[in-house]
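Pasting the structures here.
What follows is chain A paired twice: with chain B in the first complex and chain C in the second.
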Partner chain A sequence: MIKYFVPKSLKEATEILSQNDCYILAGGTDLMVQKHRSASLLPTFEKDVLFTNEIKELDYIKVDKEGVHVGSVTKYEKMLKSAQIPDIFRKTIEQIASPGIRNMATMAGNIGNASPAGDTLVPLNVFDAYLVLSSTRGERKVLVSDYIIGVRKTIREKDEIIKEIVIPNLDLEFDYEKVGSRKAESISKVSFLGAYKLEGNIIKDFRVAFGSVSIKVVRDKEVEKKYIGLTKEEFINRKEEIVSDYSKLISPITDHRSTKEYRQKVACNLLSRFIDNIK
Partner chain B sequence: MIPKYLTSVKKVDNEEKMAGLALFTDDIQVEGAYFAVTLRSEKAHAKILDIKVPTLPKDYYFISAKDIPGENVCNIIVDDWPVFADKETNYIGESIGLVVGPDKEKCLDLLNEFEVTYEELEPVFEMKDSYVHKEFTKGNVDLFKSSAKVFSESFETGYQEQAYLEPQGMLVYFDKDDGRLTVKASMQCPFYIHKAIMRVLNWPEEKIKVIQPAVGGAFGGKEHYPSLMGAQLATAINKIHHPIKMIFDRKEDVPFTTKRHPSKTDISAYLDDKNNLIGLKIHVNIDGGAYIGCSMVVLSRALIAATNTYTFENVEIIGDAYHTNKVPSAAFRGFGSPQSIFAMELFINHLADYLGVDRFVFKNKYHVKTGDVTSTSGIFRDEIVLDKIIEKAKKMSDFDRKFKEYSKPNSNRGIGISTFLHGCGFTGSGESTIINAQLKIKKDKNDIVTFYTSQVDFGQGNRTTLKRIVVDTLGIPEDHVIYDAPDTSKTLSTGPTAASRTIIIVGGLAAKAAQHLKDIWVSGKEQEIVEPYVGPSYIKWDEDKMQGDAYPGYAWGANVVEVSFDPVTYQVKVEHTWSVYDVGHAIDERIVIGQADGGLAQALGWSYLEKEEAVDGRFMQKKFSDYIVPTSMDLPEMETALIDNPFKYGAFGAKGAGELTFVGGAPAFALAFEQAIKKPVHKIPLTPELIMELVKDED
Partner chain C sequence: MKINFVLNHKPIELDVNPTRRLLDVLREDLHLTGTKEGCGEGECGACTVLVDDKPYNSCLTPVLNVQDKEVLTIEGFREMKEYRIIADAFADMGGSQCGFCTPGMILVSYALLKNNPHPTDEEIRFALSGNICRCTGYQAIVNAVKVASEKGVKL
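Here is the complex of A and B:
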């Protein structure tokens, strides 16, 4: 028999997880779709299910010197309405699904789902955001980029639950573009986030991430390092080299949504435009 | 009857729909109903050698061709579509049989245990085997031989899914009271289903009844396919004598039910040495899929519409519908004309460019005028106000200024205008020879009037408008008129809900019947009238030769679409649309505007978002997360104006509005887009992936 748990506290949840191998279900906007079978039939879960929705203590947005802490049951719509959430995250979330879905869905779910097309994963990577995983054994912090190791694959231990996501403070100029197949309710074909900081004429920080062009978000700190410290002019002059570096890093596929040629070209175009727009 | 005003009333189904009270097929509960799920072919073309049926538990059944008492054929205009694939299968997803039983889950599990052995045959996916060929000419096409130059182009359009909100579904049971086999389904044409069942069971008419519940959209997709489901479920209930429900999942509905015909249209303009146009040759090719079904009629309409709003002295029109091993293509809003009109609208602009003359002056020279001879040598009789329509559309959109401005290099913006027409009602003499609608209206002792049609309101509002026609004609209070959804045991056939015929034909019939009742009205007495359809006497049509007057009347329109283009992502944004329509007299303006916005939205979707790709006969896009219909966020502000031009034979002067609003969207979009990228377009949907290729071969 499949069991369903609706814990009311984090402690209760971790205790359940220490005893039972569960699906963790937050908004269910990924999980229910994956388990959908046929009209008028309920989805089937082959393991126990733990619902996080009633863990009210994890429904929060808090700010401290580490950054913004987003509790794992916090809905997107709440994030959208909160001035504490960095603008670039709100800009990303605004383009996810539609209000109905955003009233259910969570960022923890976006991370837990570990899809190459998860939209928040792109800014989370650029910010070096991390998770706090909780279990009866204690807590550990993991970078979002380390947590996800493949398509639908994470390093979560069976007894762990994402308690919160921490978005460190980051004061950069951003350029985000989601390229979907339409303006709403659309899965990204390519997404792009470029960020930089100019001090005087020097590129003090430079970060780039792409979504939907590889099994994981593509970000490469080695490549970024190569260009940090250049003057603006040097940086802009090396546009072709930068684009070529990233072009080699991404490996998109052709599927029923788009082609690898399109994804590759648009990713490069977005990066070029980002560089062109540096002022 | 003199037209009143363009007033709008509350739709009769507003409240039940808003409150969620309307019962759609799947909402209707019949105690103990079994479920049916479909065993589908995995091969595009193969012999079926053996079907290994798993051991079925008690109360579970497998229904296949063997169980059909009558003929294994579902007539959709012609007799080529089998109810169940028997010895051979012709497309992936074709029904081989049904698994029926009390628990849907169990039925689905059993489905996985079937083993079908095939012997694969060579499938055909390209348009090369024509199964319907038509051709006709107007004027003297021998003159083409003397031409000095020929300008030729080829245009392609893709599949389109109807994307109704409510998927296909059907419920069958025996009515306890009258014993009839009763069908409730999401459908357009109750009598089509009724007939399909008679054929498959060898039953007389009186043993069956088809009743329409609330229907959530159709767009042509529920014109024919429900007949197939009806024949299948009738076979099943005849064997097991138990109520059965079959509801398709979206992932079953999208890839396995009928679609809009993909097309390829070749047009050649023959010119003399002074660049005068001698005439045109137009060859329309449509992909009909595995069975002909209604493809021959779709082809007819495509051909008749091929010269669009232009009169050419000499034309040669050729059409082919092709057999391919793919899901049969069938009815969809516009019924072939959007494909050929798309080609013609682009071609005539390109031709003007080729000749180096002003597009608008050139088109104007050929615009249809009242009294002109149609391409099928009929006559455009009604008053044509095309020039007013164009003028108004241009003025509303500030067209001339924008057209000039956006033609500058790197504008990344464009504006396009299309003109178009739609013949209302069945093609040719179909209304009087095939359909022969008869409408019954009766009055009881309390002077309460009831009238009956077989017209389905699937959201487009005809329950409201038809009722209004009768109420207004009789001049009695609205609640003295009863007009229920069709039930084939109560109504005579007033024909299918298709071909933009409901208001022009059935509305006209309802008005006439009501007037006759009014003429003989005796208060307190039971009275009944059966009003037969009598077409305008001028309609003479030869379907074999494709000669004569093709339609009783035409509705007209112009669409203006403005787009912007992002050269970084190759995405297009529709910025604004303006439309002007002549639908005769709009009985209810709001309902017409609803059709206008919806029709254009659907056409825009077809133009740049909705891609359905068949790879080796298998559709790739199966759900709304990958088959991309426009959302409200994708749609711009849409401005629509109506030009009042009452039509003599329509109810209260009305012509058709349902399909007209679809046909001009794609060419207007494509013309706007061409201006934005400064390159000609020959193919839709213009997805960003295709646009990338278009733009690329420049650099």
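Here is the complex of A and C:
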């Protein structure tokens, strides 16, 4: 017999999770699709379900010296309208699904779902954003990039729940591109975020992440380090080498949305264009 | 599980499985068939209802998530004075052909005009971006929203 829980506080939620193995259901925009059978039939949840809808204390956006804290129950639409959310995140969110879905969906839900095509996972990686996971045992902080380990696989322990996402402050120039088949409601074929900081003529920071081209977001700090500290001219002259480095890191697949050849080519072209546009 | 919300301006209490789709509760349990099921996975917007004046895809909404909220379907909107202005604008401009997307389109248009009485073309298209129409090619719908806006849906 499947049990349904509707906790009203984080404390109550962690107590339930310490005793029960649950699906954690926020807006439902991922899980309700995955568990749907057909019209008028109940979705098939094969284990207990914990709804986050009534945990009002986790509906917040706060800023402090660490960065922006987004409570896990906060809807995308609220983030999109908040001046406290970094512009590059709002640009990404604006291209996710549709207004109706953004009214329901949460970023924590997309992180928990761990889809290779989750659009906000790309900037979350570039910002080194981290999660605060809460349980009756206490709290721990985990980088989003470490939390997701594969397609729909995370390191969440059964008794843990995402309390909040922390987006550290980051002052860089950004170039984001989502490639999909239409403007709205599109699941990415490829997504790309490049970021850099120039001080004088020196590349002081350089970060790149790709979505939808591997089992999880591709970012490699070792590759980034190779190119940080170069002059702008040196950096641009090594464009072919940079593109080649990343070309080896990505391993796209062919599915109903696109082909591996297309994804490989477009991902490299987006990186190439990003380097060309560095001013 | 007992779930309470306001449906079309009237409080309602249901004893229902909390994971049941709001769409099925409306159509199957309450016989409000104005809300349509298209794709069933959040791509088409035919199932759009307003929850606290915001568009929601009812095919992805577990009914528990409307607890204590106000749900408005096309049947409820039909009783409101703003309905006539928007529905007439759709009829006059050819914004509805087969009609399957129309309940969703009209509710989304209402939600838009309520917040933004004089939207630009771009704002209209952005607001309607989650609703697919296979008949009109969209321009007629955008025109209808503009006409409704000009007629001053004082929303």
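Convention: the second predicted complex is superposed on the first by the 279 of 279 C-alpha atoms of A that agree within 3 Å, B and C clash if a C-alpha of one lies under 4 Å from a C-alpha of the other, contacts with A are read in each partner's own complex, and residues count from 1 in each chain.
Convention: a residue touches a chain if its C-beta (ideal position, glycine included) is under 8 Å from a C-beta of that chain, and two chains touch if they have at least 3 such contacts.
Here the structure is a predicted model, which means the values were calculated and not measured.
Judged by the touch definition given at the top, the superposed model places A:Y262 against chain B, while chain C stays out of reach.
Legend: residue contacts after superposition of the two complexes on their common chain; A:T136 is shown touching neither chain B nor chain C. Look at A:R273: by the touch rule set out above, it reaches chain B but stays clear of chain C. By the touch criterion defined above, A:L25 reaches chain C but does not reach chain B. In the superposed pair of complexes, A:S82 makes contact with neither chain B nor chain C. In the superposition on chain A, contact is made by A:A184 with both chain B and chain C.
Once the two complexes are laid over each other on the shared chain, residue contacts for A:S247 go to neither chain B nor chain C. When the shared chain is aligned, chain B and chain C each come close enough to touch A:S40.
Overlap of the chain B and chain C interfaces on chain A comprises residues 38-40, 98, 183-185.
Across the complex, chain B is touched by residues 37-41, 98, 177, 179, 181-187, 189, 256-259, 261-262, 265-266, 269-270, 272-273 of chain A.
Of all residues in chain A, those touching chain C in their complex are 4, 6, 25, 27-29, 32-33, 35-36, 38-40, 42-43, 45, 49, 51, 53-54, 77, 97-101, 103-104, 183-185. On the side of chain C, the complex with chain A involves touching residues 1, 17-21, 24, 27-28, 37, 40-43, 45, 48, 51, 54-57, 59-62, 64-65, 67, 108, 126-127, 129-131. Listing the residues of chain B that touch chain A in their complex gives 26, 37, 104-105, 108, 167, 247-249, 568-571, 609, 613, 620-621, 624-626, 628, 630-634, 688-689, 692.
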